[in-house]
Amino acid sequence: MEKQKLLTLLNQVKNGDISPEEAVLQFKLQPFQDLGYAKVDFHRDLRQGAAEVIYGKGKTPEQILGIVKAMAGQGGKNILITRMSQEAAQLVQQEIPLDYDPICLVGIACPQPELTAEGTIVVATGGTSDLSVAEEAARTAECLGNRVERLYDVGVAGLHRLLSNLPTLMEAKVVIAVAGMEGALASVIGGLVDCPVIAVPTSVGYGASFHGLTALLSMLNSCASGVSVVNIDNGFGAGYLASMINHMAK
Amino acid sequence: MEKQKLLTLLNQVKNGDISPEEAVLQFKLQPFQDLGYAKVDFHRDLRQGAAEVIYGKGKTPEQILGIVKAMAGQGGKNILITRMSQEAAQLVQQEIPLDYDPICLVGIACPQPELTAEGTIVVATGGTSDLSVAEEAARTAECLGNRVERLYDVGVAGLHRLLSNLPTLMEAKVVIAVAGMEGALASVIGGLVDCPVIAVPTSVGYGASFHGLTALLSMLNSCASGVSVVNIDNGFGAGYLASMINHMAK
Amino acid sequence: MEKQKLLTLLNQVKNGDISPEEAVLQFKLQPFQDLGYAKVDFHRDLRQGAAEVIYGKGKTPEQILGIVKAMAGQGGKNILITRMSQEAAQLVQQEIPLDYDPICLVGIACPQPELTAEGTIVVATGGTSDLSVAEEAARTAECLGNRVERLYDVGVAGLHRLLSNLPTLMEAKVVIAVAGMEGALASVIGGLVDCPVIAVPTSVGYGASFHGLTALLSMLNSCASGVSVVNIDNGFGAGYLASMINHMAK
Amino acid sequence: MEKQKLLTLLNQVKNGDISPEEAVLQFKLQPFQDLGYAKVDFHRDLRQGAAEVIYGKGKTPEQILGIVKAMAGQGGKNILITRMSQEAAQLVQQEIPLDYDPICLVGIACPQPELTAEGTIVVATGGTSDLSVAEEAARTAECLGNRVERLYDVGVAGLHRLLSNLPTLMEAKVVIAVAGMEGALASVIGGLVDCPVIAVPTSVGYGASFHGLTALLSMLNSCASGVSVVNIDNGFGAGYLASMINHMAK
Amino acid sequence: MEKQKLLTLLNQVKNGDISPEEAVLQFKLQPFQDLGYAKVDFHRDLRQGAAEVIYGKGKTPEQILGIVKAMAGQGGKNILITRMSQEAAQLVQQEIPLDYDPICLVGIACPQPELTAEGTIVVATGGTSDLSVAEEAARTAECLGNRVERLYDVGVAGLHRLLSNLPTLMEAKVVIAVAGMEGALASVIGGLVDCPVIAVPTSVGYGASFHGLTALLSMLNSCASGVSVVNIDNGFGAGYLASMINHMAK
Amino acid sequence: MEKQKLLTLLNQVKNGDISPEEAVLQFKLQPFQDLGYAKVDFHRDLRQGAAEVIYGKGKTPEQILGIVKAMAGQGGKNILITRMSQEAAQLVQQEIPLDYDPICLVGIACPQPELTAEGTIVVATGGTSDLSVAEEAARTAECLGNRVERLYDVGVAGLHRLLSNLPTLMEAKVVIAVAGMEGALASVIGGLVDCPVIAVPTSVGYGASFHGLTALLSMLNSCASGVSVVNIDNGFGAGYLASMINHMAK
Amino acid sequence: MEKQKLLTLLNQVKNGDISPEEAVLQFKLQPFQDLGYAKVDFHRDLRQGAAEVIYGKGKTPEQILGIVKAMAGQGGKNILITRMSQEAAQLVQQEIPLDYDPICLVGIACPQPELTAEGTIVVATGGTSDLSVAEEAARTAECLGNRVERLYDVGVAGLHRLLSNLPTLMEAKVVIAVAGMEGALASVIGGLVDCPVIAVPTSVGYGASFHGLTALLSMLNSCASGVSVVNIDNGFGAGYLASMINHMAK
Amino acid sequence: MEKQKLLTLLNQVKNGDISPEEAVLQFKLQPFQDLGYAKVDFHRDLRQGAAEVIYGKGKTPEQILGIVKAMAGQGGKNILITRMSQEAAQLVQQEIPLDYDPICLVGIACPQPELTAEGTIVVATGGTSDLSVAEEAARTAECLGNRVERLYDVGVAGLHRLLSNLPTLMEAKVVIAVAGMEGALASVIGGLVDCPVIAVPTSVGYGASFHGLTALLSMLNSCASGVSVVNIDNGFGAGYLASMINHMAK
């Protein structure tokens, strides 16, 4: 399309409909995306699984409904809304089919589950308190077309819980390790598996956990290879990146 | 081998050479790796490209030589040594073929370059001062069998330098974004490409860069999706993870 | 005037109306401003646009009304009140004409819009969540007599949004770059324009954004020239400084 | 020129020398700067005063000499080199005229002093230890064509030193306030003058000055209007920004 | 049991019921704990005093009741619940005998007090505000079968209060030193006694106490020997560790 | 008295009423204060002005009333209660005469104002928002028998306000400088006066003021001599220390 | 002895050799230790193993020699010197028998190894770089009469190394877990053993390890029970505390 | 004198020697100190003891010699030079009588010891490593005419050392408490004495002492009244302030 627009412009020049000088002006005024570069739109559309994403925090229920309706009107499906308040969910549900989870605050409007990648993503947590962040990651990945296996409450202070799930870990294409407090889970899993590990520090803990800072620093210093880190409580980011890698995988 | 060992033990039980009770005891005393789990050895051998890795810092030249000779004696090739001092390189070179780069302090003993993945890894830096970290990443990835494209000094304060290399970025399977100071490179690249971006903050900068802390925090807060972060100056970690993903890719 | 006061005093000495010794005492007791130095009053009156400024936070609605009425009584116009609560706005509006914006909490009492500078100030934000800080900056600048152009939601993760507005940026006399999270907007804009860029970090974000600290550090480390930084969420400070520069401009 | 290049391309399309499709491809492959946007080159050339800038730190003397010779060969003058080691200065001086200051490590190759702005920039410091940073700012501004007035050692613990220089401060178009320790100088000057104040925290101090962090935070929290801040010890950045504003001024 | 399971498997191999190859597969799939290592269950059961522990924070009253009932159903006694809300306590009390303290939020379900260690644990606090943390430690230790002596409000700013209790301190097997603000209590007690001192920093204080960080750092730097530290406000951890040491003691 | 107690004991020994061995035991069991050292009671009684002090925060209204009544029952006067809630004040007022200030939360029970020192303590603040902390300092000092002069809202961004009060400052025996934000007031006053300056950072500010940390660091780095610092918002501490010095003064 | 001294004094009073008044004075002037309290000398003599301890850092070789000779002259044995430079060791060795380890900088003068406790202390490290701190702990414990088992390089990124040593861990009375980087070792060991775990963060690592801060925070947030923490690199403190507990053990 | 100068000027006006208009100009151009305010010179001259102070750090030996000679030439005595290098001392000693201490780097040129205050200042330290900072404080105070009593190595981990010196502490007019590590000394002394305590945190310590930050925070949070704090290692500041208070004392 953009390419078409550019071709049209150039054909207009060729045919003398507009002068080269006028075209120069147009190029200057056109937004960059009109030039037809590969990623001509940067609108972060998530082509894997054809989902769209809305960051719900700081938006009113009405604003969210408006955006969802606009997207749904253009045939959008699996529209992901993160950090979505219950109020917003209730409003949206009155007009649009919505799959909403009140714990992780993730909503999927016009849900049409479809597996578009072959591999499995494992989401593991250190404790039960990390669940909401983990679910944000898991549901993001599922919404983007991935099979997700959950391994919750397998923290390193009870290693057998983790080790008894080794086969599940071994088969993953990507592991998302979600942990607060000392965040050691990422290192231990990183030493057990051969695939990329995405570490998500959570703000779970008290005292010197400093709202996730300790887990964050700990994960960044992991002595295991293949581990990288996203922001504190950023379940969405981990799920999105995991989906990207899983869809690349053979 | 480990599997063989286990089979032998079980056959001894079968044949009555040892009693089941004695076998129980053996299982208890055997290191975990003897049980034949998938990742039966955890020695971090980097099967992609058949490389071995030695972290050179804090080891004497003699220790490094000893380890390299032992590995080479068992037929090792593409043995990667990171943070290798010039003294260590000089000592090793007297006895073993070594490809050494004094800027990023990476040595590859018994080098036998071989491409084992199809995709390309792009290593981009914000400035020329990030070069040593970037080279550690690039050489790690190359040593592990990857094709690497270098885009150095494409920092965001001169966007045209980055934008003029868009086609190269677009073709990458993974991008490693290396930057100090404000570390904005990761966000900008993350907004331009569809593949995973591994952000490496560097300790380059002065004043309120706080030895890489600012770049680290900045990268963790990237508003672009698909970005994850490794430790400050951890070129090796980024190169290793990039190789892992690149080898997974279709 | 102050000079006049000093002259009077000195003439009194000359005429013998008061002794030199008494004058010495007077000098000691007089406030510094009475000595006739150039900036004889430091009352922060904003002569550009003739506005007065009240920092609303920590003042009761009654106190604010009192100050506004006193100023208005002396013919004040375009009286700027920042961080003004809705309660205060409602109280003031009952007695004084007030232009109030409930999002950025800026009120302008006795508004008499007037352009006193020729150039344009561009206020750009990374995301929609930075809007309240940006509006504080924009309205401050407008209240002080400047033409303001708003470029909201042009964050670096979608570069085309920024680049398609290059002509607007290019024409600015000053750019105010408002961004939370990783704060990269300031660097990218700083690399695109030739005029001063005032960077305003916002407390928008979560996790390792640390309430604006990351954006602040990132902006201070900008690799672009011509960028300086004000306090987190300090929209007023940026708008005031931008107005100062814009009024200086040829 | 760039505009010329674009016109040429479009004329080639018009004349049928190349097809519109080929032109599309060329647009894609051309670096962004070839499209003729206003800031067609982003090479940070400092048109005010026609100076070029080289950041000397992390570059070898030979590299610096090479760059300087290349610039000088193209007729460059007033080529600014910051953080230039004495070794580099000695090497460059053998082949190129160089004005070098060993205290602030600023060199100006092919110096041709010329005033290109009418106003005066005042550089003030809290103590004598801030001198090297202040000189980096002052010499940068001078090299860019500005008249600079130095007010050194006028820290707030001896207010009379500052107050006795009020007339000088009052006449400035921009003031650069350089201070370490508690950095109060910026606030005090900000309350005295009507022009923009650029605050430069320095790493001067000990103990809880934390290498300039205290001065940085203090300056960011200035209760005076019109104050903005650059990175710790960033004399160059302050001098550059001050020159930008001074050249804009009526 | 686990050992039995392994024996069964091995006997099956011996008898030819399953082949060695099949056994290899089973070993791989069995959770680690099935292999009969010494700490075959890691369920953190607190064998000293036969107590079970539930961390109440982040669990609903219904969840806590469910867990308590399950434990009580299996004959559990002295079931410790920390950070238990009053709502949870009220719910549990309707069905299960519960000893609940609303100040330190510790509940003991099915209480059956019993001394299982001979020594005494002293819990000392710097001020009365540290009481809730101290009580969490004291009740944890009591629940685990220890004799506990409380020395509250013996902060170092009134040394005589501490010194007049020297005989009590001298007889302790372990001392738990609980303090906020400057946390000096641990050092002073560490210099007075011969037994291990477990320091618990509390978040009591204001301003530069930074929610316990100052006390934490202070305690870690104690110049007295025999002092170790747990997390801020971690009364449970201190009580548990003290009990461990007290039960070891001759 | 204590001395008397010791003498009695020794006389008992002398008279053979108790054996030396029994006396040894008594010494061991006696609290340290019984030995007759000068500061025989450490109960922090504030002998200057005969005031007693209660830190109200974290105590229930009933507890505070109880303590006040006990003190008043023993003839206490000028009983100082800091951080006293309005609820506590209302309860106490029903039974005891109380002078209460709801802004700084200071109450004085059984007030009997009396000047016991000759000099004057000046309490200065940077802004009106620092008022509650300043009043805590001022009322503490007054309660302890000092004459207090208030100089509020004399921040350094409007120097004339401070300079016009120089005579007041000059006559002070001690100055308490209360300021938030950048905390420069302490340095400027420290440079103007010859007497001790006690700096009180306040948590007033936003963004990078970090709840008083910036003011605290700034004050610690004051380039003026004679300045020392107390904790953030610690008005009481400053008032108490100022009183101590003022009572020492000739 | 001290008791004897006190008895003597009291007998003098009894016999009228000195008056009660004079005795009061003596009590005042006598150091506290002369009163015969249980810990009559606080000289930190390490009665377990009869060792004495000298902190070598900041003392000249001559000073160390002097102290050692004084101690040895009074029959001291197993005199422990930590942070002892090689120069100091060489000087001491010329006159006194010394067992010195140049890696952990621990010297033991007049060594007379003797086991005084029954249990075993295990010292485990995450990597080989933690060795010097671990050895300081191990040698301190040995010098104090303990049997020490070393488990070096058993970091969590290669779990099998740790798990294959489970029997050794299980038999320990105390475990000292020494680790830098992410410090996860303490949590994993804490989940495996029933005895106290003393965690020693080390300054080993780079980038976001922040000289041991990350390991320290991680260990303080350990989700395993029975773990407490000492200062960064404080091998001596851990060894001393471990010895204290080991000597208490049944 | 300054007053004289002002009188002269005013008499000139009275006599018609200069016109009032000319006088206005003179007032403007005169430095503030010429106006005759009480602290007419702010040159920080230390009138107590008639000492002058030079901060030696960052000044060359030649510069220091120059300043000292200028001062000595005007009859200066007891000229205090802090942070003075041995090189500077050697140079100065060749021309001027100098009392130099190489441990605390304090030099006193033209020394003429003289007691100008009646009271005693006690300087106490936690350990022997704090000695250099303590000596800077002690010598500063002595140079300013005070009697100083040193109590070194009386840290809180061996309370008897401190308590046995209670009489000395009790007689002090001011106590300077110098300590690194956990800095508890200030609190303990603050609880024992009735006079002002000036706390000086030192950078002594390792690991989590963070170069004095821990001691600084600890001292700021002292639960004892009458304690204030100066910058890390700022012995001079403490000595100067102590002298100020001591000279005020009755």
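Which chain is which? They are A, B, C, D, E, F, G and H, in the order written, and residues in each are numbered from 1.
Note that in this section a contact is a pair of C-beta atoms (placed from the backbone, for glycine too) under 8 Å apart; a residue touches a chain by one contact, two chains touch by 3 or more.
Please read these numbers as outputs of a predicted model, since none were measured by experiment.
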Common touching chains of chain H and chain C: D, F
Between chain B and its twin chain H, rotation from the CA superposition, multiple of 5 degrees: 180
Centroid spacing, where centroids are CA-atom means, of chain D and chain E in whole angstrom: 59
Inter-centroid spacing, chain H versus chain F (mean Cα positions, whole Å): 25
Intercentroid distance (Cα basis), chain F paired with chain D, Å: 50
Centre distance in Å when chain A and chain F are each reduced to the mean of their C-alpha atoms: 55
For chain F, residues that touch 2 or more chains besides their own: 28, 37, 42, 44, 157-159, 163, 166-167, 191-192, 207-209, 213, 216, 220-221, 225, 231-232
Pairs of chains found to touch, sorted by chain label: A-B, A-C, A-D, A-E, A-G, B-C, B-D, B-E, B-G, C-D, C-F, C-H, D-F, D-H, E-F, E-G, E-H, F-G, F-H, G-H
Residues of chain B touching chain D in the complex: 128-129, 157-161, 163-164, 167, 204, 206-209
Residues of chain D touching chain A in the complex: 3, 6-7, 10-11, 13-14, 16, 20-21, 23-24, 27-28, 35-37
Complex interface listing, chain E residues touching chain G: 37-39, 42, 44, 46-47, 53, 166-167, 170, 173, 191-196, 198, 216, 220-221, 225-232, 237-238, 240-241, 244-245, 248-250
Chain H-facing residues of chain G, complex: 28-33, 41-44, 57-58, 201, 203, 212-213, 216, 231-234
Chain A partner contacts - residues on chain G that touch it in the complex: 126-127, 155-159, 163, 181-184, 187-188, 190-192, 205, 207-210, 213-215, 217-225
